[in-house]
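Please find one structure pasted underneath; my questions will follow.
Think of it as A, B, C and D in the order they're written, each chain with its own count starting at 1.
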Amino acid sequence: GPEIVAGPGANPECFAPWSDDTTYLQWEAKEAPYKIAVVNGFVGNTWRIQMIKTAKAFAEDPAIKDKIETLKVVSTGTDAPAQLGAIEDFINQGFDAIITIAVSPDGFDRVIRLADKNDVVIVPFDNVLDTDKVMQVNEDQLEMGRTWAKFVLDQLKAEGTTSGKLLEVRGLPGNSVDRDRSIGIHEVFDADGGDWEIVQVVGNWDDGTAQKVTADAIAVHNRFDAILAQGGTTGVVQAMMDTDHPMVPVAGESENGFRKLVAKHADEGLKGISIGQSPGLVAIAIKAAISALEGNAMPQLISVPLPIATYDELEDGANYWSDLPDNFFTVNEFPPCGVNISGPAIMSQDESDVN
Amino acid sequence: MHKSTLMRYFSQNLGVVTASLLLIALYVAYNFMHPRGFSTAVAVQNTNEAAAIAFVAMAQTLPVLLGGLDLSVGAVMTLCNCVASVLVNGTPGEIVFGMLATLATGTAFGALNGCIVVYGRIQPIIATLATGAIAIGLALIVRPKPGGDVDGDLGWALTNSVWDFADTYGLADGGDAWWLQPFVDIPVPFLLVVLVAVCVWLPFKRTVTGRTVYAIGSAEGAAFMSGLPIDRARIAAFTLGGFFAACGGLYLAIQTSSGNADLQQAGAYTLNSIAAVVLGGTSLLGGVGGAIASLIGACILRVISFYFRILDIDPLLQPLIEGIVLLVAVSFGAIRTIRVRNKLDLFR
Amino acid sequence: MRISVSNENKPIVIASFFVVVILLAGTAYTLSTSGAAPLLSPNYLLQQLQTGSFLGICAAGMMMVILLGHIDLSIPWTLTAAAMTATAVGGEMALPTALAVGIAVGALNGFGVAFLRIPSMIFTLGVDTVLRGLMVAQTGGFAPQDTATPLMLFLSKERILGIPVAIYVWAAVSLVIIIVLTRTGFGRSIYATGSSERAAYLSGIRTRFVTMGAFMMSSLCASIAGVLLAGYSAKAYQGMGNAFLLPAIAAVVLGGTHILGGRGRYVGTLIGVVLIVLLNSVLSIMQMPEAGRQIIYGTVIIAMLLVYGRNQRVTS
Amino acid sequence: MTESIVEYRGISKYFAGIRALQSVDFSCKLGSIHAVLGENGAGKSTLIKIMSGVLQPDAGEILLDGKPVSFPTPQSANEAGIVCMFQELSLVPDLSVAENISISHPPRRFGLINRREQVRRAEELLARVRCEDVDPNAVVRELSLSRRQMVEIAKALGKSPKVLILDEATSALTSRDVQTVYDLLAELKAEGVASLFISHRMHEVDALCDTLSVFRNGQHIETFAKGEKSEREIVHLMIGRDVEAQFPPKPPAPSLPGRGEPLLRVRGLSWQNRLNGIDLSVHGGEIVGLGGLDGQGQKELLLALFGVLRDVDGEVVIGGKKGIPSSPAAAKSAETRLALVPEDRKTEGLMLGMPIADNLLASSFQRISRGPFIDPVLSRKTVEEGISRLQIKTGSASDPVMTLSGGNQQKVVIAKWLMIDPDVVLLNDPTRGIDVGTKQEIYKLMRDLANAGKAVLFYSSDYAELIGCCDRVSVLYSGRVVAEKQGDEITEESLVAASLNIDVEAA
C-alpha cells in the first residue's frame, strides 16, 4: 500500500490538494508502461459516453501514450457487486491502476485492501468514496453550490431583490454529489439573512425530469425570483420559456444547450452561470494514476478547479458551440494539466459530421 | 417401455442440463483466458460478484414456479441491504441479531406479498409492482443516503476463502488445521449459496408445500381439486422468496459494508433475476424448473460480463454486445419451438 | 359491437372516483398551505394533460400487448431510440424515421414473441438492452444531432384553440385504438388471442400476426411518445424513456385491463393515466420526499385493486 | 341394504341467481354403485362438488354416517373418505405419475417426501388398475387422455375411499379400460365402498350400476333400483319428454362409383410415427366415421388435415385443391372451407371468458367486415342466426361463454364453424360429455349437413354413435386404415374386431 508522506506533491498546478490538511500518498515507483483500467458504472447518458470517449482519446495523447501499455474500459451498470468484482478482477489480472466512478460511496474497503496488497493504485473520481485511504479526483461540489448561490444572490441584489422565492432543482436523491451541492447552496442563503424561501424539486440531473418538475413548480408557485439547478438545466430553462415565466437568473450545469440559451436570452434577463462537472475529470484521474505509479507523492484528494462561465463570458466556439447538439458537456479542457480535449473534438470525429 | 432413469432425467430437465453445460464451458474458457485463471483469487472474486444475484434469482424462482412473477425481489433485497447496513455491527451478539433481523425483514415482506396475492387475490406481477415501490420507500427511510458500517471483520471473513474465514476468527488453528486443508481454497460466498440452496431449497422442494408450489404453477385447478394446501403453498413460496432476497441483501451489505437504497439497482436486480430464471430453464408459465437452475442461470449472466474484462472490446459497444448476447441466449428457447411438430404444443 | 359487462366497467367507475378524490385532496392541501387552488385551474390541468399525453400514448400501446397477455418492457428505449434517430436524421424525414424505428422494433418484438415463442417478459427486455446499446454506440460513434425539428416542437408545444397539440395527438391515438379494438377483426382477434391463444388459433385466427400487430402498435405508440417528448424537451437524449415503463403498466392495470390478457377497455386505460398523472403532480406539489412518494404510489395501486374486487379463485 | 353413508337434506345451491340445485334430498349407501343421471346442467357436477368440498351449499345439510358435517375444502372431504374423480381431471401435468398418485399424502421419511417409496406405491396402484405399461416416473403431460384417466383412478384408489365418485371420469376410456373399471368397481363394492357414477353413456350405467338417480333442472326427480325402469322411461325422466329414434335415418347407400370426385381425398398420409400412410375419401353428402381404439391416430389425422401438424407427408385433395392447408386459417379459407370441431371444447374450442357473440364470430371476422371494419348490423344478425339455428340456450349473447352448460358450449363451437359455411366438417368426438337430448340434436345436425352436400368426417370413442350415424366407417389401427365398412357391415362386432386388427373373415 501507499505511504503517507509530507507534501508538496508533484505537479501542484494540476494536482492541487483539496485543502491545507490534505495528506499525501506515495506508492513505490513502477516501470512504465502501465496497464490501466477504467471501471465505469452506468453508461446510458451523454456525460458517461463523453467521459469514456475522453478516456480513450486521452490515452492516445502523445504526452502519455508511451506510458500506457493497455487501457481497458468497462461499464458495469448500477450494480455494486459487479463494479467491485470488475475492480477486483483487474487487480487479479495484474493491472497497475484502476480508475473508477463509484456506484456507491461506500463498500470499497475490500477492494482497497486487495489493491494495497497488490500495489495497485485505485483512483475514484466524480462520485468519490467516503474514505481517505485512496487517492481521489474531484471538483469541489460544496464550493460549486456556494458559487451558484453567490452568483444568484449577487444578481438579485443588483436588481434590488433582497428576499423572495427560489427554486432549487436537485439531482439524484441519495447521491453524495447532490447532497454536497445542496448544502453549499443553502449555506450561502442561510448566511445571507434575507428572507429566502427555497422550493425544492427533484430533477434527477436529467433534462426531461427537470423540465417537468420545473413546469409543475411554476404552475403551482407562479413565479420564482431565481432558479438553481444541479443538472438538466437545459430542460429547466425550456420549462421557463414554455410557461412564459419571466427570464430570471439561473444557476446551472455546463450543458451546451444551457449555455446556448443563456447566450441567446441573457439580454432578456436570463443571467446565467454555468459550472460543470466535466467528463474530462477522467483524464486528470488517469494522469494522476500515472504520476502515482511513477513514484511521485500525490495529494490524497485532488481538487480540480471549477470551470465557471457566467453569461457575460460566453463565447461561441470557445466555451459553447451554437451549431452543435445541446447534449454534450462543454467544459473539458484543463490547461494546467495538459488536458486539451474539447467537447466538440470528442463528440464528433470531424466537424462536417455535424450538420 | 420405461426409459432409463438417466435418460428420463435428461429429457425432463433439458433446460438445466443445457444451462449447466453452457456455464461450465463459459467458465472454463474464461479461466483459460484469464492471466491468473484457475486460482483461488479469481474464484473468490467471481463468487463474490455472483452471490447476491444468485440469491435474488433463487428468490424469483418461487413466484415463477407458481406461474407468476415477483417484481419486488430487487426492492426487497435493497430494503434488507439497508436494514443490514444499520444493524449488522457491534458485538458478536449484536451482529448475529442484526443478521437475523435482516433475514426476518425480507421473510416478513415476502409473507406480506404472499398474503396480498392470496387474500387480496391480485395477480402477483401487479401486486409486487406495488409492494416493490413500498419496499423501496421503506429502504429510503431506513437509509436516506448510501452508507453504513457493517462489521469489517465479518465482511473480510465472508468474502474470501475458507482459510481467511478461519484466520479472521482464529478457528481451526487460524485455518491451518489439517482437517481443514482440503477446503481452505473454497470461496466462502460459494459455500453460503450452496448452503442455503441445500439446506433450505432442496428440503422445501420435498415437502407437500413445495410440491404444491409446482402443482399450482402447472395446473392450479387440479391442485385445488387434489386437496393440496393452495393458500399455504402460495404464501410459503412468497415468504421463502423473501427469505432468499433477504439473503441477497444481507450478503450485499456484508460485501459492500454499506447499504444503498438505489432504485435503479433494485430494478436491475429484478430484471436480471428474471433473465437468470429463464436462462436456467425454468418456465415462466410455472410448474417446471427450480432454484438450483436459476442459480446456474445467474452465474451464466455474470460469467458473460466477465468476458468484457479480458477481451478487448470497444467500451461503447459493450452494452450493445451484452444486449445481443442476452437476446441470443434466451432465443435458444426457440429451438424447442422449431422442433415442435404439433403446433398445438406451442400454446401451453 | 361489444356490449360491456358491468364487471368491466367497475374499475373505470372506481378509478374515476379516485381521480376526483385526488383532485379534492390536492386542492384541500394547496388551499390550506398557500390559499390557492392551482390544481383546479384549467391551465394547470391542461399542462398536466400535456405532459401526461406522453405517458398516455405509451400506455395505449402497452394496453394492446397486455390484452394479449404479454408485456412490452422495451418501451423505454424504443421511445428513446425513435426520438434520437429522428432528431439525428432531422428535417422532413424526422417523423417518418421515428415511426419506422417504432415499427421495426415492434416487428422484432413480435417476431421473437410470436414466432420464436420466447416469453415476452424476457424477449422485450433483451430488445430494450440491445436498443440501449445501439444508442450508446450511436452517441459515441456519430455525435448525432439532437435538436427537435420544428414539426416536433409544434406537435408537443403549440396550442390550438388554447389546447396543447400534444393532447390532440393523444386523442387521435386514442380514437384509433378504440376503433381498432372495438370495430375491427384485428381488435377482436387481440381479445380472442389474449383470452385463449389455442382456441383462437384453432378458430382460424392468425394469432402470430395478431401478436406481431399488437407489438408493432405498442412500439409505434412508444415512438410517437418519443417524438412528442423530444419536441417537448426541444431535444432527444439518452434515457428519456426510463420514466414511462412502470407507470404505463400501472395505468393499464388500474384501468381494469386484466394483466393476463383478454379483458379490458380502453377508456379504463385513459382514466388510469389521468389518475397516475394527477397523483404524481399532487405528490410533487406536496413536496413529498421520494420515500413517501414510493410508499403512497404502491399503496394506492394495491388499495385500488382491492377495491376493484378480487379475482375469482381458481377451482377447476 | 346397508345404511346410507352420505345423506343430503334439502341442499340448495345458487350461482349468481341461477339455481343449480334446489332442496335436494339424496343419499347413497355403502356397497352400492349408484348412477347419477341427468342432462347437461341438471346439477350432477354441482351435487358431487358439494359432496367433495369444492363448493359449499347455500342451504341444507350433509350427513356423513348420520352425523352432520361440512367440507370446506377437498382436503377435508378426502379425510372423511370421500374421494372424487372430477370431470375435468385433477392431475398436475408437470408432475410425474408417481407424484400425482400420492400428491396430497406422500410417503415420508424424516418429514420429507420419500421418492422411492412413492414410486413403489405408484407401481402397486397402477398394477391394480392394470396399467403396468405406465411409467411411474413419466410426466403426466406425456400421457394420452385415456391413460391419464386411468392414473386418476389409481390416484383415487390410493386414498382408500369410503365413497368414490366418478364424474364422467370414463368418457375417454377404451373398452378394455372400461372393463378394468367395471371390475374394480365391483371389487370395491364387495369391500363395501359406495360409488357414485356419472356418465352420459347409458350402456355403461346399465352394465355397472345397481341404483339410479335422475336429476333434472337442479332437482332430484327419482331414485330406483336397476331394472325397475326401461331405458326409454329413464330418458323420459331425464329430459322430460320422449325421445323417438336415437339417430336420424340414413339415406340409402348410394353406389360408390359414379359419384365423381370426393370432397376430401387423402392418400398415404404420414406424420411422425403416428400416421403411417392413411388412405381415405369423403364425398359430399356422406358421413364417414373414424373408428378404432383410442390413440390410433384419429385425432392426429384430423389435426393434420386442418393444418395443425408440421411435416405431414402424403397427398391430400380438398374440394379439388391439392395440398395440406398450412394452418387453420388457411384451412378455413374460401378455397378449402374446412372446419374442425376440436377435442377439448374448453381449451381448444372456446375463449371461455369472452362473450358468446365473440366466440361465435371468431372464425368469421372477414365475413362480417367491410374492409377492415366490422359491420355491427351484420355481426348482430349473424350471431342471432347462429344462436337460433342451433337453439343455443343463452340469456344474452354478451354473457361470457363459460356461463353456458357443456352442451350449449359445444353448440357454440359447432355454430361458430357453421358460420363459415364449410364444405368439409371434421368432428373430434363432439358428443363427449353431452347429454342424450343434445346428442340427438348434434346427430341430426350432422345428417342435415351431409344432406346439404357437405362432407363430414367424424371421430367418436363411442361405437354406438359410429354405427348409428355413419354411412361409412374407416377403422384405424396404429396410424393406418385397417378396415373400411359401409352400410350393414357396420356392426359392433365388425368394428371391435377391426379395432383390434383381427380379420373376422379369416378367423
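Everything below uses one rule, namely that contacts are C-beta pairs under 8 Å (C-beta built on N, C-alpha and C of every residue); 3 or more make two chains touch, one makes a residue touch a chain.
By chain, UniProt protein names: B, C = ABC transporter permease; D = Sugar ABC transporter ATP-binding protein.
Because the structure is a prediction, the values reported are computed rather than measured.
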item	value
Chain C (ABC transporter permease) and chain B (ABC transporter permease) - chains in contact with each	A, D
Chain at maximum distance from chain D, centres defined as averaged CA atoms	A
Separation of mean Cα positions, chain D and chain C (ABC transporter permease) [Å, integer]	44
Where chain A and chain B (ABC transporter permease) are represented by their mean Cα positions, the distance between them in whole Å	36
Chain A, residues touching no fewer than two other chains	43-44, 49, 52-53, 173
Per-residue overlap in chain D, given as positions that touch at least 2 other chains	54, 86, 88, 308, 327, 348
Sequence positions of chain B (ABC transporter permease) contacting 2 or more other chains	140, 144, 221, 224-225, 316, 318-319, 343-344
Listing of all chain pairs that touch each other, if any do	A-B, A-C, B-C, B-D, C-D
Complex contacts: residues of chain D adjacent to chain B (ABC transporter permease)	53-54, 73-75, 77-78, 84, 86, 88-95, 99-100, 103-106, 111-113, 115, 135, 137-139, 155, 271-272, 300, 303, 308-311, 327, 348
Residue numbers on chain B (ABC transporter permease) that touch chain A, as the complex places them	34-36, 39, 41-42, 45-46, 48-53, 140, 144-148, 152, 155-156, 159, 252, 255-258, 260-262, 264-265, 268-269, 272, 302, 305-306, 308-310, 312, 315-316, 318-319
Complex contact set, residues of chain B (ABC transporter permease) against chain C (ABC transporter permease)	69, 116, 120-123, 125-127, 129-134, 136-138, 140-141, 144, 220-221, 224-225, 271, 274-275, 278, 284-285, 316-324, 326-327, 330-331, 333-334, 337, 343-344, 346-347
Residues of chain D that touch chain C (ABC transporter permease) when the two form their complex	54-55, 86, 88, 306, 308, 327-329, 331-332, 340, 342, 347-355, 357-358, 361-363, 365-366, 369, 372-374, 376, 379-380, 396, 398-400, 416, 420
Complex contacts: residues of chain C (ABC transporter permease) adjacent to chain D	1-3, 5, 179, 183-186, 188-189, 191-192, 195-196, 198-206, 262-263, 315-316
